[in-house]
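You will see two complexes here that share chain A, one where it goes with chain B and one where it goes with chain C.
Take a look at the complex of A and B:
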């Protein structure tokens, strides 16, 4: 059997690939923003003195980090359905990805909080900053600056993991690929193209985060190091 | 409706769980062997080898495992190489795990203090001797906690093999669900089973890390 590859036959579906890639980026964007918020709240919650809140945050983080995303997506999908709530596949996908990345963000943020030297908080108290000011200027912003590289790689991994949403028929890049390969019978070419698209998407995201880092953290830009 | 969850269903899920463990071991061993080669290639004195292995890592780390699995199963079949789900899943996971373990281990090898290399050179050890007798024994100690931690990722990622029809825990859950249609209950059981496999490893990895943190001082240079 001779091997014949026909990329043009698949490449002529480029509008579908483009639409899939756009939806993948959209999923990643919403899940990143919401997940970052959820994760920060969970990390703060885990550090509080209230044992109940701290315990609940720990259970959330450990449960999510020790079960596969695929199972989580199915649980959210069928869980909402069995409660009688009907949402689009896109909404369910964003919800499941947010819950997932929130737990990883919480662990990274916790490491950031722990890296803040105690003396800086005491110094801020000595300067009579309010609790809110201390939390914002002395703890949260420097912590984000410290863990920014780890956070951004987690968000790129999230974009790649969003491919799993094809299993609940969210029309993102992998779902588009599954459709095109069943239509053209050119599975090899289709998945090679999609793999290349994902590599490009992850490079674009990395470049974007790098630029955002330069904008957000001028100190990093001037000194070349965080703090 | 197919009735209620009974002992046969649970037995079937248990069998799936065993295949999850089996596939994880295949991925760990295969990925470990290839990953070790990648780690060495990444710090090779030959520039072409360094670049080639770097490109491999970047490509795999920029592609979702799901797409690699589809490529290995449907893609290879489409160009005339028919492989079983086990071979497709095992090979895809091996390639995937190798890229990540290779990077983790490269970091561990490079974090062995530089004077150790220089001392080895001063004692006229060959590059292989330096690597085998001086660097690797120390690097293995540094590499243990992150490797155990990554095993959790491997177990979780084997769930994706269900999409190419490999009957591991996730797929056996889907099959049971097809006959009972109680998705929430069944996927909750699946989630608990994965948690029971992964959480002990997570805890073990954390404990190793803490122990390393304490005992690390006799390893790091003054």
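Take a look at the complex of A and C:
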């Protein structure tokens, strides 16, 4: 048994790899931003006294958390198509990933909201702040700070999971790899390169979240203590 | 129960206030009034209802019956304008409850800017002023966790003062503090009293209550059991207050 690796044959396709990696990062970026918004809104919704809104948010979160991502992507892809709506594979992928990560974000944010001491909210109420102002000024950032590691891990996971978008022919990294390995018959080398690229993308995202954390949490930057 | 009717229109008045938590009756017909500039101390054992009575004034608890009027707001009514009420009432809690992610300056300027629409530069001047009032000007840019308990509580008082309330409520504000830090907070409250602030305070510091309060309300089992000037602490008329002040509560 001998292992012969021929990387040059695969590496000469580097522009395709790069384009795929860029698209993966782009997918992850949009799904992270939109998913963070959707998840935060759903977490707030789950905490409201309105049973209808709280129930709807719960159904959303539980449905998504208990179905496979690939099935969700197909549901969005074929669902939109059967409604006669035509969107690019990229748009469909962003939508499906957003819906998916939004549900996980909602659960993480809910834990963050619950970690805010009741006294903080009473103090804010005592200062005549409105509910919305309390969420915005008092709850949101400390809640995010408390769950930031879980939250950022979830977004990195989302970027890795976006590889299944190759199934609806979004031209992201895994889809590119699939073409290249069937062209070059160098599957092992191709996926080794892809794996390395995914590691690099993860590191890029983690570095980005670290920088964002410095911006969002000036107290932590100055004092270095947990909230 | 004796009642010292205040001469002017009271800032705070409770009449026959009822409140239960489940089957437990916490307030059983509580009545008292606080006139402008008056300092009222609510005292009593744990579970006597004094903190609940205080929290009802700012509607942190909803009452089951009776009437509460605070600065003209009918607090007992479901349609009370909570945000208008809370602009008139300042409240300071046992656990300070400063916002940990904001500097002391941001803690103070948040509500004036967000609620009253005050310009940021104006609010910052105000922050300096109220911090000077509690002797903490140098902590403007510190975060709450960098302050001692006593300093945090003084900053919390400053935060309340920045909203220029008509009445201040103090809910056992020194109970979480080490004895050596209690004094600095009490001194700030004394200064406020001297400046004519209307105040209602729940306190376990009997010596302090005796020195600062215009009137004492002693609560027992959800009722106002005895009320009168601070001198009732030295010459109580009911056996319950006699026992309460006699059990080592009256520190000087």
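Keep this in mind: the second predicted complex is superposed on the first by the 224 of 227 C-alpha atoms of A that agree within 3 Å, B and C clash if a C-alpha of one lies under 4 Å from a C-alpha of the other, contacts with A are read in each partner's own complex, and residues count from 1 in each chain.
As a working rule, contacts are C-beta pairs under 8 Å (C-beta built on N, C-alpha and C of every residue); 3 or more make two chains touch, one makes a residue touch a chain.
Bear in mind that the values here come from a model prediction, so they are computed numbers and not experimental data.
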(Q) One more residue to check, A:125. First (chain B), second (chain C), both or neither? (A) second
(message) Taking the superposition on A as described, I'd like to know which of chain B and chain C A:219 touches: first, second, both or neither.
(response) second
Note to self: Looking at A:181, would you say it contacts chain B, chain C, both, or neither? Reply first, second, both or neither.
What the structure shows: first
Of chain B and chain C, the partner touching more residues of chain A is B
Exercise. Touch check for A:137: first (chain B), second (chain C), both, or neither?
Worked result: second
After superposition on chain A, the chain A residues reached by both chain B and chain C are none
In the complex, the residues of chain A that touch chain B are 1, 3, 5, 62-63, 65-72, 74-75, 78-79, 81-82, 160-161, 163-164, 166-167, 174, 177-178, 181, 185-188, 190-192, 194-195, 198-199, 202-203
Within the complex, chain A is touched by chain B residues 58-59, 61-68, 70-71, 74-80, 152, 156-157, 159-160, 162-163, 170, 183-184, 187-188, 190-191, 194-195, 198-199, 202
So, in the complex, the side of chain C touching chain A is made of residues 58, 60, 82-84, 86-87, 89-91, 93, 95, 97-103, 110-111, 114-115, 143, 145-146, 156, 159-160, 163
Per the touch rule, the chain A residues reaching chain C in their complex are 117, 119-120, 122-130, 133, 137-138, 141-142, 145, 217, 219, 222-223, 225, 227
